[in-house]
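These are the structures, in structure tokens.
What follows is chain A paired twice: with chain B in the first complex and chain C in the second.
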Partner chain A sequence: MKFKTFAAFVGPSVFMMLLFIAAPLVSVFIQSFQVTQPILEQIEVETCTPGFVTQTCTTEIKTVPVLDDSGKTVTETRWVGLQSYRNVLQMEKFWSAVGNGDWNAIMQIDFWKALRFTLSFTLLTLPLVIGVGLAIALAVNNATRAIRGPIIFISLLPFIITPVIGSLSIYWLFVGDGILTAMLERWSGTNISMFAQAWTIELLMYFYRVWHVAPFAFVIFYAGLQTVNMDTLESAVIDGASRWERLRHVIVPHLMPLIIFIALIHLMDCYRVFEEIVGFRSQAHVISLQWLTYDFMTPDDAGNRAISRASASAMLTMVGIVFLLILPLRRTWRDHKGSAH
Partner chain B sequence: MFLKKIALAGAISLMGSTAFAACSYENTTPVKSLSAGFEAWKAVTDAMAECGNFQAELDQEFRTKQPAAFEANPSLYQIGGVSNGTITPLLNAGTIRPLDDLVEKYGQNLKPNQLIRINGQIMAVAMMVNTQHLMYRSDVLADLGIETPSTWDEVLAASAKIKEAGVMEYPLGATLKSGWNLAQDFNNMYAGFGGKFFNDDNTAAVNSEAGIKSLEMMKAMTEYTDPEVLVSDSTYVQQQFQQGKIAMANLWASRAGAMDDEAESQVVGKVAMSAAPKAMEGGVPATTLWWDGIVIAKNISDEEADAAFRLAMEGLDSEMVKSANDAAIWLVDGYAPTDIAKGAIETATANPAPPAYPSTTQMGLLHSALGNELPAFFTGERSAEATLEAITEAYTTSAKEAGVLK
Partner chain C sequence: MSTPKAMQQSFALRFSSGAFLAFWCLLAAFPIFWIAVMSFKSPVDAFADSPWDVILGPATRANGDGLSLLDIVVGLVVLYFAIRWAFTRLPGLVRQYCPPGLLVLGWVFGAIAYALAFVLIFFGLLPLVLGALNSILGPLGAPVLGLTTDHYVAVWGENEFYRNFLNSMLVTAGVVTISLTVGTLAGYGLARSGSDLAFWLLILALVFRALPHSVLVAGYLPVFINSSEILRPIFGDGAPTLYGQPWAVIAVLVSINQPFTIWMLRSFFQNIPAELDEAARVDGCSHFQAFRRVIMPVMWPGVITTGLFSFLLGYNDFLVTSLLLDAQNQTMVPAIAGYFNRETTTTDQVEAVAAAVSITAPLFLLVMVFQRQIVSGLTAGAVKG
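Presenting the complex of A and B:
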């Protein structure tokens, strides 16, 4: 292909990526080293607020931002180095807790609590998603042709549901006297509160994520299964390989690039776990890194948001994803180089 | 045929006249408003809409939208619905205008009590007060011979009695959803124990004796609440009441009307209201006072402001109050308090009276710190002292970032 043609095809998408991915990333990176504050002054303010019958007026010293002539808040931006990262990571507390061997104290620091959950969520759901996806794919592949269509359709349904809606439905099914909790209670005769402790919430989250993402793995694997070399399979049968041996030595190696692909996508997606936290309202028990960033970003009633810490936390999340992806990416790279020779 | 036409014309003219009776004039300037989405706002904006050319946005996420929308020039909304918590960013950014001249022009029916004055200037017009107060099942309490509790100790004793009698397993409801709700319940209890939120130098003062007492009292409450109480918000508690699962809760006055809503509630007429319980003898009711009202944007033309305020006054007239009497504890002329309002009025007029929720930048920061750090205490991961220390630390970090603390 001529370079000009190539550039004409790729140009727009490179431009979009620079504009919508690279530029915001650079800006977040810069903001994570800065703090922007309004210039504040302390003034005496008399505020009169209504009771039911009469007003109460109080005079107090209030800290309010200074406005310039055009009515805009005067702000000042300073470079603060790694201060925001320090505020998020709280390394001093972390090391002193590590020194005391106090796991509980580490889990009291938001970032480490979130990291613990995010990592276990990502790493535990990964084999489950691949396993369940492969199992469905094999089952469908072996099913009679007549019912294959409907089975594929039904297995794909969970993937179509918007994640927030899906997690909310699970929440409603299990919270308080939700249908499923009520059923379980009747069946077991004990009072069940799924949202009263961390481990049951986490269990529901794992279940939900696997249920939601397994269809994606299934579709990819199912497509992969169509290209398995039949000759190799038949010769394996003639050699007396059992079903399990065929799966292990023929099918899985054939599907390996796809498994890596799904692992990549899943790691990236899961490390940004967020919908489950919001949908399950689990902030009291379980939080994730992405939720932490969101929480910093959300303004309180007085309109404050912690932009610097949100930027730092977002950068840390990105660093975490890069670390997680190094392993599978190295493997793909090696395969890629190997096949080039 | 002729008769039919006459009848039709008569009917149309009748319809026309009622429409004009609902609004005393016809609004010609397009006006938009952004406010919270509860019942009272619906009543007010419906009344405004009768004058025409008006578009209301009722959005529970209004607090995140409002500051940016009002900062735009021209402002995206002419009218804003605020409370004493959410007016702070608008005041700080100077995006709402003083209303003195407009009140003089159109506000003949306003009571002086409704005018929110900041440094003498009218910055908002209040329409209702809101507070959390005790709602209880009068039938359950009467059956067991329990008198209406007036302190939290009595609430706990009553809960124990109801539980022992086997009437309900979890007799107490509470809005302890982690985040804003949990923090607000702490604020209430803390105010009840006479605690003060800040020192003079803007540092947080919650790590105090009153703080410890508040946490202990709240922990004692959780013995009688549903185990999933850390996900329960106002709507959840309201539903627990409506389904007859709980007997008592300290809940928003704006939720009282729902108890007698026959379409939703199984306990119509059985829920009574009384003043918010006191945390200690001789103290104030353990709650904070809130008001809701309207503000007018600064970044709009004077004509628009004029039209918007006139329209708002039409929405806040006694005719509206008469049609939606039980939707709120109205401050507007013409309000006739019913039994539902008894508790809120008792709370607001108590002597000494509970404090108003402070509308300051620091309070916003402290509220977030409370909401994030308190859950660990209730899940049992952290002691009361350590929790209060963590709150102070979290507040200090965010206050430094916001520039409130040096």
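Presenting the complex of A and C:
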């Protein structure tokens, strides 16, 4: 294919990605060093109230935003260097807390709290998703052919459901004295409220994510299981390998590329954990990096959006993505070079 | 094919694997099933702490809303015949009355007409007839299962959820059509070109796929809010404010979706032998003609699958739509967050549940109809690449 034809085919897509993905990245990078604020000026205001004989007049100095001809506030954009990053990271608080060895004090700072949750969320759910997905795939592969279709249908439901709704549906089972909380209370005999402390909410979030993503892992593993080499399995049986050894030494190595694929996709998606925070309404206890940026961007009570802080936290989130992608990208690069020569 | 004796499994193993599957199915379906049940009960029942109260709904029944045995039996019979008819007669009717070239359109039209007729009969005609019958029958007609549709009426009527529904449809329809148009072109180009440039574009798309969406929205937000001032030098006074415009959100979602779309479509295009377009080229087609007349007709399964995933992205999105759309153009998923803020009474909570079920229902139908395509789409990227 000639370059010109190739460009004609790929052009629209590349143009959209550059305009709406690459350009915003650059502008976020620039914004994170800037602050846009309304220009304020101090004016003397004389207010007079009618009094006996003479009016009582007081003058005071007020700070008001400067308005332009059309009545809009005039804003100015200043370069502030790393100020926004400092506001987000709060390094001096962080270091003093580290100096004291005070873990709770670190967790008081939003950014570190969000980072802690995002990382533990990503790393804890990964083995669970792969394990549960593989278990379902093996069990379905074992089942009679006739019931496989309905089982796949039911399994797809948690995967396809809107993430916010999915987490809400689990939230509603536990909220207040919802049926599952009531059941736990009857078992344990103590009063339980699932949404009053951070760790129970976190447990529910881990559960939700595994519930939501395991079907995806299952479908892919199931497809992979169909291509397992029967001859190898049979020779393993002849060599006296037990069922467990066959799984360990024949099936898992066969599925290894798929496991890596799922792990990569899962790391990318989990790192952006966000909908759970909305669905479980956990802002007060547990937040994630993406939620932090979202929170800076939603207008506060006065209608202001903290764009520069949002940009700074967005750029800090990006650092994690770079770490996440270094390994797979190096691998692909090596494969590509290997195939070229 | 009979399994060799050595590969046969012990009873214990088969039993435990079956039990595990049953447990998983219960786990997978239960939350969704449960919110569907909750949405039909009065608030006292919906948040009752005994599961039986939620299912049977005594408080709802006490209010006089409920189904009698007769209702349940007749309802199930009608449902059974409606579903049977949809699978046996509907395809024939569609084929008969539809011009052969427009079969897809015919199906869309047929499905809408069928849904309308079903709603009219099931929710309009049936309650009238059964209401009269119940009052005659006495004890047989007394309600046994508490059930009320009040919350759905409140959500769709008073709270004007249909506006959000229409916005959601507009956004998802836009996302699917534009994503597919742009994506198939790019996917084809990438699949047929072995150059380094194509490789780097794919890697770049992979990097873009990993970006958190909030990072991108942080870039759009200031520009979109001030866009009328920024664009004024180009468009004059008619320059639009992009913030709150559905088509701006469509463009954003399409771009966010592009990396995924082109990867998936590329893997589908690679399955189509290159000899096919070479043959067309020998016959004198240009690259574009070969794409349009030879490749696209055999690409429909891949396009439908990718379209499904684009649909899910547009339909399920919360972050982008909640930040870039204002209240009157809000789509369904962010609109449900509005219920949290004024969630003061339990009635509001159950209305939120009803809204959630309303959002889930189309997805449920989608899995039912397109299960095969969804599975093939999930495995397309993984197993081959």
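By our rule, the second predicted complex is superposed on the first by the 292 of 341 C-alpha atoms of A that agree within 3 Å, B and C clash if a C-alpha of one lies under 4 Å from a C-alpha of the other, contacts with A are read in each partner's own complex, and residues count from 1 in each chain.
Here is the rule we go by: a residue touches a chain if its C-beta (ideal position, glycine included) is under 8 Å from a C-beta of that chain, and two chains touch if they have at least 3 such contacts.
None of these values were measured; they are calculated from a predicted model.
Residue contacts after overlaying the shared chain place A:M91 against neither chain B nor chain C. Shared-chain residue A:P65: touches chain B; no touch with chain C. In the superposed model, C is the one of chain B and chain C that contacts more residues of chain A. By the touch criterion defined above, A:L157 reaches chain C but does not reach chain B. In the superposition on chain A, contact is made by A:T56 with chain B only, not with chain C. In the superposition on chain A, contact of A:P215 is made with chain C only, not with chain B. Legend: residue contacts after superposition of the two complexes on their common chain; A:G224 is shown touching chain C, with no touch to chain B. Of the two partner chains placed around the shared chain by superposition, chain C is the only one that A:Y294 touches, whereas chain B remains out of contact.
Shared-chain residue A:S311: touches chain C; no touch with chain B.
After overlaying the two complexes on the shared chain, residue contacts for A:R281 are found with chain B and with chain C alike.
Shared contact residues on chain A (touching chain B in one structure, chain C in the other): 175-176, 281, 298. Residue ranges on chain A touching chain C, taken from their complex, read 1, 3, 5-6, 8-10, 12-14, 16-17, 19-28, 31, 36, 135-136, 138-140, 142-143, 149, 151-158, 160-166, 168-170, 172-173, 175-179, 181-182, 211, 215-216, 219-220, 223-224, 227, 233-234, 237-238, 243, 258, 261-262, 268, 271-272, 274-275, 278, 281, 289-290, 293-294, 296-298, 305, 307, 310-311, 314-315, 317-318, 321, 324-325, 329, 332, 336. Chain contact summary for the complex, chain B toward chain A: residues 63-64, 67, 84-86, 88-89, 91-95, 112-120, 126, 129, 169, 177-179, 182, 200, 202, 226-228, 230-231, 236, 240, 289, 291, 298, 329, 331, 344-345, 348-349, 353, 356, 359-365, 367-368, 372, 375-376, 378-379, 381-382, 386, 390, 397-398, 401-404.
Contact residues on chain A toward chain B in their complex (touch as defined above): 35, 37-40, 45-57, 61-65, 67, 71, 73, 84, 87, 104, 107-108, 110, 175-176, 191, 193-198, 281-285, 295, 298-304, 306, 308-309. By the touch criterion given at the top, residues 4, 6-7, 9, 13-14, 17-18, 20-21, 24-25, 27-29, 31-32, 34-35, 38, 47-51, 54, 182-183, 185-186, 188-190, 192-193, 195, 197-199, 201, 203-223, 251-252, 254-256, 258-259, 262, 287-288, 291, 312, 315-316, 318-319, 323, 333, 336-337, 340, 352-353, 356, 359-360, 363-364, 366-368, 371, 374-375, 378-379, 381-383 of chain C touch chain A in their complex.
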